[in-house]
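Every chain is named by a letter (A, B, C, D, E and F) in the order it is written, and numbering of its residues begins at 1.
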Amino acid sequence: MTKKKVSDELLTRISEKLYVAVVCDTLDKLGVRENVLRYDIRPLYPEARIVGRAHTALSVDVYEIPEEPYKLEMEAVDTLKPGDCLVVTTNGSTKTSFWGELLSTAAQARGAVGAIVDGFTRDTKAIMEMRFPVFVRGISPYDSKGRSEVMDIDCPIRCGDVLVHPGDIMFADYDGAVCIPQDLAEEVVRLAEEKVSGENTVREELAQGIPVKEVFAKYGIL
Amino acid sequence: MTKKKVSDELLTRISEKLYVAVVCDTLDKLGVRENVLRYDIRPLYPEARIVGRAHTALSVDVYEIPEEPYKLEMEAVDTLKPGDCLVVTTNGSTKTSFWGELLSTAAQARGAVGAIVDGFTRDTKAIMEMRFPVFVRGISPYDSKGRSEVMDIDCPIRCGDVLVHPGDIMFADYDGAVCIPQDLAEEVVRLAEEKVSGENTVREELAQGIPVKEVFAKYGIL
Amino acid sequence: MTKKKVSDELLTRISEKLYVAVVCDTLDKLGVRENVLRYDIRPLYPEARIVGRAHTALSVDVYEIPEEPYKLEMEAVDTLKPGDCLVVTTNGSTKTSFWGELLSTAAQARGAVGAIVDGFTRDTKAIMEMRFPVFVRGISPYDSKGRSEVMDIDCPIRCGDVLVHPGDIMFADYDGAVCIPQDLAEEVVRLAEEKVSGENTVREELAQGIPVKEVFAKYGIL
Amino acid sequence: MTKKKVSDELLTRISEKLYVAVVCDTLDKLGVRENVLRYDIRPLYPEARIVGRAHTALSVDVYEIPEEPYKLEMEAVDTLKPGDCLVVTTNGSTKTSFWGELLSTAAQARGAVGAIVDGFTRDTKAIMEMRFPVFVRGISPYDSKGRSEVMDIDCPIRCGDVLVHPGDIMFADYDGAVCIPQDLAEEVVRLAEEKVSGENTVREELAQGIPVKEVFAKYGIL
Amino acid sequence: MTKKKVSDELLTRISEKLYVAVVCDTLDKLGVRENVLRYDIRPLYPEARIVGRAHTALSVDVYEIPEEPYKLEMEAVDTLKPGDCLVVTTNGSTKTSFWGELLSTAAQARGAVGAIVDGFTRDTKAIMEMRFPVFVRGISPYDSKGRSEVMDIDCPIRCGDVLVHPGDIMFADYDGAVCIPQDLAEEVVRLAEEKVSGENTVREELAQGIPVKEVFAKYGIL
Amino acid sequence: MTKKKVSDELLTRISEKLYVAVVCDTLDKLGVRENVLRYDIRPLYPEARIVGRAHTALSVDVYEIPEEPYKLEMEAVDTLKPGDCLVVTTNGSTKTSFWGELLSTAAQARGAVGAIVDGFTRDTKAIMEMRFPVFVRGISPYDSKGRSEVMDIDCPIRCGDVLVHPGDIMFADYDGAVCIPQDLAEEVVRLAEEKVSGENTVREELAQGIPVKEVFAKYGIL
């Protein structure tokens, strides 16, 4: 896997200058119109924000405690690199939580920048207090032991209906989470930075009460 | 359209003395028992509150970028009058956001008092910081261009399963949003104001531990 | 009904030393693996926390105003004892709110410690300000009169898919709500207290970056 | 209850000359636009057809076996009169079947013309073989004992989201089920009979390939 | 629009030699893995089968009767050409039926080969008797007048989550409906015809009880 | 695994004398009240009927074609024994079909008596023509290759929300599917046979118009 393809410098530019909505507009312009994770994947707290490289895991509900519980789940966390974002699909499970405080602690200790789980978490308040950004579909106090197992890591997954490949850039803020294909990353960031400055002008004119129609005709931005 | 029928003075009385639940009880008494918008239309922040005249828009999902994108959506905003609340149905779309910061800026600049959208918004934190009250079903960073188009404005719509006519009063707080038919507005406000004072007495007696049964028998309020 | 079986002292130990997730792990160990209420039953505010004895009510949607409205609903509240938690099923209703500020006031005045309703509430901000912990599936400003009636109290109910008997311990925090069968209460609390201290050690080691796999092998806790 | 208001003769005219869709169009014309039961209430077999007076029951999920199981459920069936259609709401239950072969046998023996249940049935093939028309949301082999109880009969109910009063006409065929308010019954039947003959003309012209637009302009029927 | 690109001869080959599942396998092989319409779009009767060129319409719920009801809906039907299949999205509406017997009659008279509607139909039995193949999400007796309007025809639509362009081949049988992009049509048909003959061999060997593993190793077909 | 515990003779008695509803009533009596698979698992044709020993498989959605596609899925079929019923969970997948004609052919060749899949099938009409009884949640023409993989066989699974152990008896007819724990099989069959004869008497009396209440009081059967 070529997960290092996207430079730290690019991640920093995204983090400092961009927000998810403007990146989506830019992806739209490039014809990538369906890379936003489903709307029910939400951050635990409004300030949660992730910019990182996707490190993926595929989890599935099970119905008995396996011989080696947590085996690949632990490996998923232990193999996180600085700048990684763990991205997990649980295939829609509502029967357990996948994530929790101890795994957040371990992930944070390895330099991971967040977790996006198409499933549930627990230890929610502790994670919020750690300020470790976690995006999930819901909350449940159940432990995953005997309820779900990770069956593969570092593989393509669908998380929130979006196909995520290891090494793609995950960018998430309070508006949602988007997957930026690594090949497009440079171009997306450059174009998005341009759009941001245009929006500032538009905002000022709209605040003065100039009709939207007129402002849009002038700048082509809405 | 006779959107001016409801006076500003009446809107002020609602805003200063009433809350949504007591208005619902009053509508119940008048036999209007199904005018609360569906429970999944929620405010972006707990203090969000709207009292305004309905200005409506009907949006629909589309699958290509139209020749004149945003055309009627911009008109919906540019025709907002002071005291108006934009009310929008998206026919249940989960594929895009309808609303955002720039439109909030434009609406606020025209004196609009809020937006209620049976759909999604984006730029959520910016809107929260503006304190522009927006009620939505969800959040998505997608732009509406090529995803949805407004096909009609100032028409009857169903928003959150409730039939809303232009000029009806929209009243929304943390408990939800209700549509007060304009013909009933005067009567509803008068009766609701009466009920509010009764509730204060009841609350005091219940706080003293007097059984609910006894207090309800005395005042007929619960 | 033998609702006094669980001592106040035990409730205090739960309240002071435990959290819901660790109790769930302990119930798992004892083979009680499905006693967490459905994930969509959520607290009104993050700090809401309940430890109390279940006092149950079974509510059903109705379509006309009964001769004696609220009759059993009032009785459900008037019969609350100190340390009780009202637990209500509405059979999935989305048509009305079951709970509100006045009932919260009455319940609090009787020493009740909270309410868990597989349904909706209203007067949400007032209840949040009272700091009366309420867990619900949603919010609606509708009054229950002519919309739902309590048909039985102090009976077994399914709330959030979990069978709750009167006198069971309800324990709820931001991670969710769990029902502890009263016969297991002593054992659960004792085992959970042990697990808490183990978790503290694990957390520290993970924070130092020791691999999850290694820490789990050492302590058997995750 | 004035359930006899609608004459047998009128029921016969509906049964012999009309179908549900044309009755819906007629109700539309009279401004009654929301009286069709939700689309997921379906007949057990394509030829199932009901024209009868509503005899209602309100059922609710319970979680223990009551002292007198089936009490009001049996009364609901034992009080059926010739020409009655049992209409039942289960408040959305998916946990049990409400109906079955033995109750169908008893209902048929009393002259009832069918059952419409916003819930489940069992003994499905036996009922199909009896040709007793039953419309339901689904099928489940569970008995209702200790799973649901009828708490009221001959009361207004919402069945499939439609408010049904005892004595209203229930008309159901493969297109769905509609509730004709008894006060409108005479007028609806007269107008619907007229529309049926118009449709025959339209059908013939469309079959000849005359454009829909032209045929609709001529007859105003589609 | 170049809807004639796909020859009648190719449609005949599909109709005579292929079935939907084998076409899906072939599209898979070509990397087109998401062109099957959502599973809840079902035929009215098991033998219903469609092979035709997509003629599209975009319908949306409305809440008042427009000045010219049915306007574009009639045009959608009046512009059908022999070999066309009407493909309609209703944006998920459950409030009305879009299709019916009269429109089926008109469509059939124009040589249309079927209709696929991401919505409801009525006059179901009459359509079944006509043997006009219609695929829908459900059945409802409601007329569309004042409930939905067609806002565009011959445009790209999403029907059952699949993007359908005018002129694409729609192929539907009891297993479901698939959209074959017109550019791939020739290649898909050729490859699918080859796979069909392979499957016959595999079926025979499996019927003899030869292990699946062995047969699959030999032919690479399952 | 002791899958042979339940004798062929017992399976024959079930098959010849019982139906699913009466077995559910009997399990109710023994306190096993939640062993019916979810109501949306339906037979492909009304006469489909299964009595067999559970042979289980756990399937999960994947997003790339594995090195050895179908590996455990083929093993699940190749290890079927006469009298076995394949029982599969797909963890709620709607993205693919799990089952099809070729696997039905192979299963039938091994003496398997049916398949119950908490997922989808394809080749539906061919399977119906083979009269191989298959119970599924839906139909989709997609192949499972690169869409789902079996990750375990002969393990406990939840299928339709019911925990099924290898060797349990699966009994399914048009009313639904029930899992009879193997330890209870003898007792269930004996008690159910008794109930069947009682029901015949009850049916006759109800057909004569004797009130349900009276008949139930006499026989205690409904």
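In this section, contacts are C-beta pairs under 8 Å (C-beta built on N, C-alpha and C of every residue); 3 or more make two chains touch, one makes a residue touch a chain.
As the structure is a computational prediction, the values presented were derived from the model and not from experiment.
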By label, the chains that touch chain A as well as chain C are B
Same or different: at the chain D/chain E interface, is the fraction of residue numbers used by both copies above or below half?
different
Mean-CA-position distance for chain C and chain B (Å):
32
Could you work out how far the Cα centre of chain B sits from that of chain E, in whole Å?
40
For chain C paired with chain E, centre-to-centre distance based on mean C-alpha positions, whole Å:
49
Pull out every residue in chain C that's touching 2 or more other chains.
none
Strictly by the criterion at the top, what is the full list of touching chain pairs?
A-B, A-C, A-F, B-C, B-E, C-D, D-E, D-F, E-F
Contact residues on chain B for chain C in the complex?
20-21, 23-25, 28, 33, 36, 39-40, 42, 46, 173-176, 178, 199, 202-203, 206-209, 211-213, 215-216, 221-222
Can you list the chain D residues touching chain F in their complex?
70, 74-75, 77-78, 94, 100-103, 105-106, 108-110, 120, 122-125, 128, 138-143, 145-146
In the complex of these two chains, what residues of chain B are touching chain E?
58, 60-64, 89, 91-93, 151-152, 155-158, 163
